[in-house]
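The following pair of complexes shares a single chain, chain A, combined with chain B in the former and chain C in the latter.
Take a look at the complex of A and B:
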């Protein structure tokens, strides 16, 4: 461990300083282009989201697919090997859990606020920090909070376990749909500029709106996968009775 | 400003070391959440607000819940 740490510290000497304007990453014309031209080309003030969802949209699409695959893998592994073990030990005491007044009232108050904030993060992701990943995680966390405060069935009344993977698939479908729509309208895959033919506004507005669209797709997938990972972890893979 | 960064960085190293060394897995999960939150402070100090936001939501929030729910279903003591 110490040797690895020393090696990493040696390698760190070669890194450019933080905020060094003459470092290779900053002096290359591509990042100059992102910094100076993003607002003109896409009308999106947050250039992080613009790079993430527009210039490198292909990367982000498969990032979403990676999250989807990870969720499927966790659900698949736990549903095969997770059902044995010390399951009986937990189940009797779980069913007699009563809703606590303080926890229940707090959750009633705070879950709508969390969800509205998550929607704000998704919808405002191209103007302020945020986006589909963060908003999706926060939205999924609100369902996890509901499942922790009451029980898993209460949360699954809102997000049924058999539909949750459909929801995750819809997210990727929305994202890829924007790409395929661009393909049909004569551009490249995920080239949002040509979507100006079907979206209101000019080319720049079409890119901004498409970024919002793909962020919503990412948020769908991340919300569904976060909640399904939690519910399969908390229920030993059965998704029936949680903590 | 760099003193503030240095203090956080020292705490990051301490929490990283403790979360690897501690035998009680629940404590390790909680300290890992603290580590994520300190990393979030470092990111936001460097101006990378998007990364800090993700670290706060995913690292300090959801992954701590995942780890704790897994510990609840398995064993709380580390064997190594």
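Take a look at the complex of A and C:
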């Protein structure tokens, strides 16, 4: 292992200097194109979101499918169905305690703010730092906070366990829907430019609006899967009372 | 001395190699499954650090265009078809930039308010939209790492689920004890 480290450090001599603008990664014309042409082609000032949702839209769509699959896998691994009878020893006791006043009040105050902020991060993701993944995680975190502060049932009153995967699937359908819509309007899959026929504005604006649409789809999936992962892991798959 | 200078010049690579080796060490030699997962997480973090440090350029800012550059672009295009809410924002921005043109002394204040005062040069080309690639860090590694983080979360979640399942089956998280139990069961 030390040998591997030494080998990697040996290779480090060939790497470009810190902050070098003419290093291969930075001077390659693809990156230059992203920086200089993004605004012309999409009217989106946040290049990261533009590259994520438009230029590399196919990649990001299957990224969303990856976390969807991970959510299904976790539910499948931990699911109680068909695992026999040795589950009783983990049967958790429902906490009879009343929620603490301070924690309860803080949650009441802070959760709406977190959720509004999450929606802002999603909706403004192509103009400022943010996007579907980030906003989705923040939104999911608000439900996890609720589940930690009260109990899992309270959180699941908002996001029922049997609807979670529907929600995640809706997100992917929104994303793929934009791709298929582009296909039907005569473009390539996920080629948002042709959506100008059904969306207001010019070609560039259509790209911008479609980016917002797919970000919302991503946010749906990420929110649902984040909470699903938490509730599966915390409740040992029973989706009942957890930590 | 030369070695120290070499490290200081390329500290990002050194840190990434050290972090990566810590992660690899944890994954290979730790007996506890949770510690292995922590090692995997550290390993992923090292790779993310490596990519993001490559994308850095001296004197560059985050790959998001400034307010003025964007709205300079909007002036050129017909914004009639914009949605109403967007249009209002456009109007406000338009007035703001009109003020800037009226009073040159306001320029500095406006630049300071948008937190990009160190790039006053780019404020000059309002409508011309000549964007200098050296003023923004490379967005591509950021995008790749955004997706890598997502994959990291997914693998970590699945790993934790499998670990929990193993604990339910064997009652231990130590790899050697689990292997013993499997052997004795045969």
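Just so we're on the same page, the second predicted complex is superposed on the first by the 225 of 243 C-alpha atoms of A that agree within 3 Å, B and C clash if a C-alpha of one lies under 4 Å from a C-alpha of the other, contacts with A are read in each partner's own complex, and residues count from 1 in each chain.
Here, contacts are C-beta pairs under 8 Å (C-beta built on N, C-alpha and C of every residue); 3 or more make two chains touch, one makes a residue touch a chain.
Everything numeric here is computed off the predicted structure, so don't read it as measured data.
Asker: After the superposition on A, what does A:65 contact: first (chain B), second (chain C), both or neither?
Answerer: Neither partner.
Asker: Of the two partner chains, chain B (first) and chain C (second), which one does A:233 touch, if any: first, second, both, or neither?
Answerer: both
Asker: With the two structures laid over each other on chain A, which partner does A:165 touch: chain B (first), chain C (second), both, or neither?
Answerer: Touch status of A:165: no partner.
Asker: Per the contact definition in the header, classify A:203: touching chain B only (first), chain C only (second), both, or neither.
Answerer: The answer is neither, since A:203 touches no partner chain.
Asker: Please work out whether A:140 is in contact with chain B alone, chain C alone, both, or neither, and reply first, second, both or neither.
Answerer: The answer is first: A:140 touches chain B but not chain C.
Asker: On chain A, which partner touches more residues: chain B or chain C?
Answerer: C
Asker: Regarding the shared-chain residue A:129, is it in contact with chain B (first), chain C (second), both, or neither?
Answerer: both
Asker: Once the structures are superposed on A, label A:185 by its partner contacts, choosing first (chain B), second (chain C), both or neither.
Answerer: A:185 contacts neither chain B nor chain C.
Asker: In the superposed arrangement, what residues of chain A touch both chain B and chain C?
Answerer: 18, 46, 48, 90, 129, 131, 133, 229, 233, 236
Asker: Over in the complex, which chain C residues touch chain A? Could you list them?
Answerer: The contact residues of chain C facing chain A are 9-14, 17-18, 20-21, 24-25, 28, 53-60, 62-66, 69-70, 73-74, 77-78, 81-83, 129, 131, 133-134, 136, 138-143, 146-147, 149-151, 153-155, 157-158, 160-162, 164-165, 168.
Asker: Per the contact definition, I'd like the list of chain B residues that touch chain A in the complex.
Answerer: Listed in rising order, the residues of chain B that touch chain A are 46, 49-50, 52-54, 57-58, 61-62, 65-66, 69-70, 72-73.
Asker: Can you tell me which positions in chain A touch chain C when the two form their complex?
Answerer: 1-2, 4-5, 8-9, 12, 15-21, 23, 25-26, 30-32, 34-36, 38-40, 43, 45-48, 51-52, 56, 59-60, 63, 66-67, 69-71, 73-74, 77-78, 86-87, 90, 127-129, 131, 133, 200-202, 204-205, 222, 229, 232-233, 236-237
Asker: Looking at the complex, which residues from chain A come into contact with chain B?
Answerer: 18, 46, 48-49, 90, 121, 129-131, 133-134, 137-138, 140-141, 144, 148, 226, 229-230, 233-234, 236, 243
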